[in-house]
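Quick heads-up: structures coming right below.
Next come two complexes built around chain A: one with chain B, the other with chain C.
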Partner chain A sequence: MAQLLSADLKSRGLVLDPRSKLALMLSIVFFSMGGVGSDIKAVVLISKLLGLIPIILLLTAKQWKKALAYGGAYAVLTLVSLELLPVMNGGIKIFLTICCVGVLRFMPGLIMGAYILSSTTVSEFIAAFHRMHIPQQITIPLSVMFRFFPTVMEEMQAINAAMKMRDIRLFGKNAGKLIEYRLIPLLVCSVNIGQELSAAALTRGLSAPKKRTNICRIGFHLQDIAAFVTALSPAAVIICNRFEVIA
Partner chain B sequence: MKEKLNGKDLINIGIFSAIYFVIVFITAMLGMVPILYPMLTVICPLVGGVVYMLFLTRVKKFGMIWIMSILMGILMLISGMSWYALAIGVFSGLIADLIFKSGNYGSSVKGVLSHAVFSLWIFGNYLLFYLNHESYMKTREEMVGKEYVDKLNSLLPMWSWVVLLAATLIFGLIGGMMGKSMLKKHLSKAGIA
Partner chain C sequence: MKIQFENVSFRYESRKTQESVRALDFTVNDGEFILICGSSGSGKSTVGRLINGLAPYFYKGELSGNVMLDGRSVREIPQAELAARIGSVFQNPRTQFFDTDSTGEMAFGCENMGYPPEEIGRRIKQTSAEFGIEELLDKKLFGMSGGEKQKIACGSIYAVDPDVYIFDEPSSNLDLTSIRELARIMKLLKNRGKTVILIEHRIYYAMELTDRIFYMESGTVKEIYSRPDFVKKPLSELHQMGLRTSSEELSQLLADRVGIRSDRGYVDVQQLSFSYRTTAAHQNKTLAIQDLRIPKGSIIALIGENGAGKSTFVKCMCGLEKCEKAVIADNGRKLSARQRLRDSYLVMQDVNHQLFSESVEGELLLSDPDISKEQIESILEMLDLGAFLQDHPMALSGGQKQRVAVASACAAHKKYLYLDEPTSGLDYKQMKNMSRMIRSIKENVSFVMIVTHDPEFIFECCDHIIELEKGSVKSTYPLDKNGQMKLCEHFMSRVIDGGRIVQQGKHNELMQKDGIYRTFVNDRKKAVSRKL
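Moving on to the complex of A and B:
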């Protein structure tokens, strides 16, 4: 999580507008995970293809390792659920099926999430949100939050290491104190760091009433049109189908 | 008498959302074990309570809780969990905010209540299993067989959303109370709460 929304701008290959990434994501959570319109054959087929898009996107972003890991896991689980499960039976089958199908259902969305978070910068996101006319009351906390994630994680790791020394860990002698002894120090130091961060941001004019500018160049290109067409296709199929039924 | 949120408030929302989300997210990793997945409605509100209660000591204006709830929904959407958390969060956040507002931003009972309502975004992630359930299950039946579908239905029957919803609310209340007592024990002394 330390590299959340901090993409390497130089070597990320195909650049999509954050808005088209969001459109693809919405399409995946609606149709591939949510199962909207899964009574229509064509939609089911498209939604399965939608599940492959995040992996393709990871490849275009030159994130070979991630693409390989996710793609491999996806392929293995699909193979297991198609080939291995029908020949098995009993309790193991049911347990494995629940694992496979559950993970398969969530995977496209999670991989897409990993792609979005690793291929976009916070600034680009904020720029996209501004273009979508989302108010500052949302975008400022959002950018502060993403700025603050790595800090919290870092503090958390340090505290966890310290508490491990006192045997306050899962399955340790003092496991009962786990929540209290980790949460409270984390809260205290995060809040203190937060106060400093807040003072620094205010000094640099975060609360100025003017409209903020942004140096990120975002906009729609050819690949974005392709992304939107893909994202909207299941909806289009559903609408056509319903229309025919009525007419 | 409408006070607008200033920069400091907005930064506070961001900071507390980050702490809250990291803690809940780490806890939610337990849900990767499928059997524990429904248990998250119990654990997450318990753990999130402390952070939320500390956040409430910073809330003095209308809108701060609401925005935090929307942020949780946006995060859930970006990270690919579901869009239901956002849909629920927009409303539950508003209600939580109104509840805390009715206590003049100082009542601890109202604070605990508002945490229970705020926690509903966690429940929102489960709606995926209940909406479009029938048609989804039909396509699964072709793929993995009726046996599995029946088993899953018996593990997570349609009425179980009531249980999950109740668990979220009840443990939201308990988490809020626990958070309050932890604040009193540790943080007020340190001058943070």
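Moving on to the complex of A and C:
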């Protein structure tokens, strides 16, 4: 979680525009996960291939371990669902089907999400939102929220350690207060941090009426075109198919 | 920029009963470097907030009188313009960042001002060159050390290029090296003709840069000193004012505890190794303690630069981090991680995470359900917290929370007590009280180990020194006559004068040269022999 939106700019490999990443994400969600257009063979094939995209992206970002684990799991499950399931029957078949289908459907989306968060910085997100003409009233609170997650995670860890010091743990002498003692400092810390952040934001002109600029050089390159083509291809196939049906 | 306060009083909405500052009347000239000092609660932060407009724009309250910037009332200047002309650096670097990477952070202010990207890029380049922080660009902010973060914070203000800089206790979380770096940056600002307002109780590091010193007490500027007048003041008077002193004045802090030895045995640490992430270079480092002997019945100062592994070592010791191979034995009896966790108490740097109850009293009861009313009162009285018995811990100031956390640690009846930087937010008097408190429980615990950068506190409180360097023990010695000399050497081996390193080297080398170091050590030798 500490990786969240705090990409190390020097070692992230292939740089995609945040908008391309979002397009790929949407495509994966619709076609791999949502199963839109699963009545068409070509779309099913493409959606399977879409599931491989997060692996490719993880590889370009040199996140070898994650890529390997995810790719391995994906391959094994695909094999199982194609080769093993048809020859099985009974309870095991139902159980395995649920596992395979569930994991195969959700995994690409989740991994893509993890990749996006670990490869994009807050200012890139803001820049992308800005280009998409999403108003500042939405992007600024959103950016502060992104900024907040890693901090809250850090706070949680520190609170847990402090609770151990005071014997507040499961089966300890203050077990009854486990939840209260975790939540109250977390809330207080979050409120304090929020307030200090807002104060700092004001002194740095976040409220200035001028149009904000952004130093992030986002923009479309060759790889982005490829990403968009991939993302849009299932929709294109579906549309062509429908028209043929009508015609 | 000229700053004028004309009969200014301010009362926070949240604390209606009492004016935070009253009848302030002073002028800060363009290009002046002003140090505002005073004990905590004296209203010095409020002065900063009145200049940058946070009070009353953000911290609501009742303002009377006029704060004028170049002849214009702050009330008439829109917040955005204030932001462009007045830069603020706060105490806690963690809560003044918006981006998660350093370059984005440096650009943040400029982006808000709407400067074109090329211009922002140029400014970042120039700033990082002048500050010497090029190697910090394009790095993650999470995982940087406090000193590095504070440099980025300064840089992100400098890139906007305001006329006035307000620093509100910027050194609180920094070690000595980082404080020196900060002083260097301040010098750069002064040389560029900027007006600087430094709000601090550590007064030494920027003394050379200071033009005038405002001393505040209960909401008013009680005295304004010129630097020559101020530096003539004897140490005792500064302490009376609640101010902390410099390491150059350690000679005057000499404690009367020579050769304290207890015969309660030792806790031995062997083969402790642990891999930790250092913040400085984003590398994994290893803590490797081969053989360390901790004398029981003593108060130990754990010293060393940031990233030396002090906090990690303490976490391993109290069982929060797992290091299976380590052999830790109390007078020969081996202690497992679980036992250590049970018998240890660690007060961490950020005390906000460690206070759980509804009241200060409840906090102590949580540590010891059987504690008597009188005991609670005496502990709180000793730490100057008597008036806050029923207050919610989270409503207290930073320094007060710190004391509550230490008070509950002292009440917890654990054998091994670890305190991580307990004095960072305390003024002189409070530091002394805390030291008294810790010494008072010394007999009831096996040892107290304190991670600290605070030389005054060490001289006041500790009996034994362990110095870590790059993950291993550099030296360990009792704080007797020789130990005190050695400790001075540690703090003095880079002799600084107003943030500038004027001498650097080993003890013997420095002793052969004529200079501030030799004079200092010789003075100390005299002082030691006199005491004996």
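Keep in mind that, in the parts below, the second predicted complex is superposed on the first by the 211 of 247 C-alpha atoms of A that agree within 3 Å, B and C clash if a C-alpha of one lies under 4 Å from a C-alpha of the other, contacts with A are read in each partner's own complex, and residues count from 1 in each chain.
Criterion: a contact is a pair of C-beta atoms (placed from the backbone, for glycine too) under 8 Å apart; a residue touches a chain by one contact, two chains touch by 3 or more.
Just so you know, these numbers come straight off a predicted model, no measurement behind them.
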Of the two partner chains, chain B (first) and chain C (second), which one does A:Leu232 touch, if any: first, second, both, or neither?
neither
Considering only the touch criterion stated at the top, classify A:Val80 as touching first (chain B), second (chain C), both, or neither.
neither
In the overlaid three-chain picture, which partner chain does A:Ile184 touch, first (chain B) or second (chain C), both, or neither?
both
Of the two partner chains, chain B (first) and chain C (second), which one does A:Phe30 touch, if any: first, second, both, or neither?
first
Based on the superposed arrangement, let me know which partner A:Val44 touches: chain B (first), chain C (second), both, or neither?
first
Going by the contact rule set out at the top, does A:Lys210 touch chain B (first), chain C (second), both, or neither?
second
Taking the superposition on A as described, I'd like to know which of chain B and chain C A:Gly113 touches: first, second, both or neither.
first
Classify the contacts of A:Lys164 with the two partner chains as first (chain B alone), second (chain C alone), both, or neither.
second
Figure out whether A:Ala69 sits in contact with chain B (first) or chain C (second), or with both, or with neither.
neither
Starting from the residues of chain A touching chain B, keep only those that also touch chain C in the other complex, and list them.
143-144, 146-147, 151, 180, 184, 188, 192, 197-198, 201-202, 206-208
Seen from chain A, its contact residues with chain C in the complex are 2, 5-10, 121-123, 143-144, 146-147, 150-151, 154-155, 158-159, 161-166, 168, 174, 177, 180-181, 184-185, 188-189, 192-193, 196-217
Which residues, counting only chain A, touch chain B once they are in their complex?
1, 22, 25-26, 28-30, 33-39, 44, 81-82, 85-86, 93-94, 97-99, 101-102, 106, 108-114, 116-117, 136-138, 140-149, 151-153, 156, 179-180, 183-184, 186-188, 190-192, 194, 197-198, 201-202, 206-208
Residues of chain B touching chain A in their complex?
5-8, 10-19, 21-23, 25-26, 34, 37, 46-47, 50-51, 54, 63, 67-68, 70-71, 74, 77-83, 128, 131-132, 135-136, 138-140, 143-145, 147-148, 151-152, 155, 182, 186-187, 190, 192
Parts of chain C lying in touch with chain A, wherever the complex brings them together:
52-54, 57-59, 79-80, 82-84, 86-88, 90, 92, 94-101, 103-104, 107-117, 120-121, 124, 138-142, 156-157, 160, 315, 318, 320, 341, 344-346, 348, 350, 352-356, 366-367, 394, 408, 412
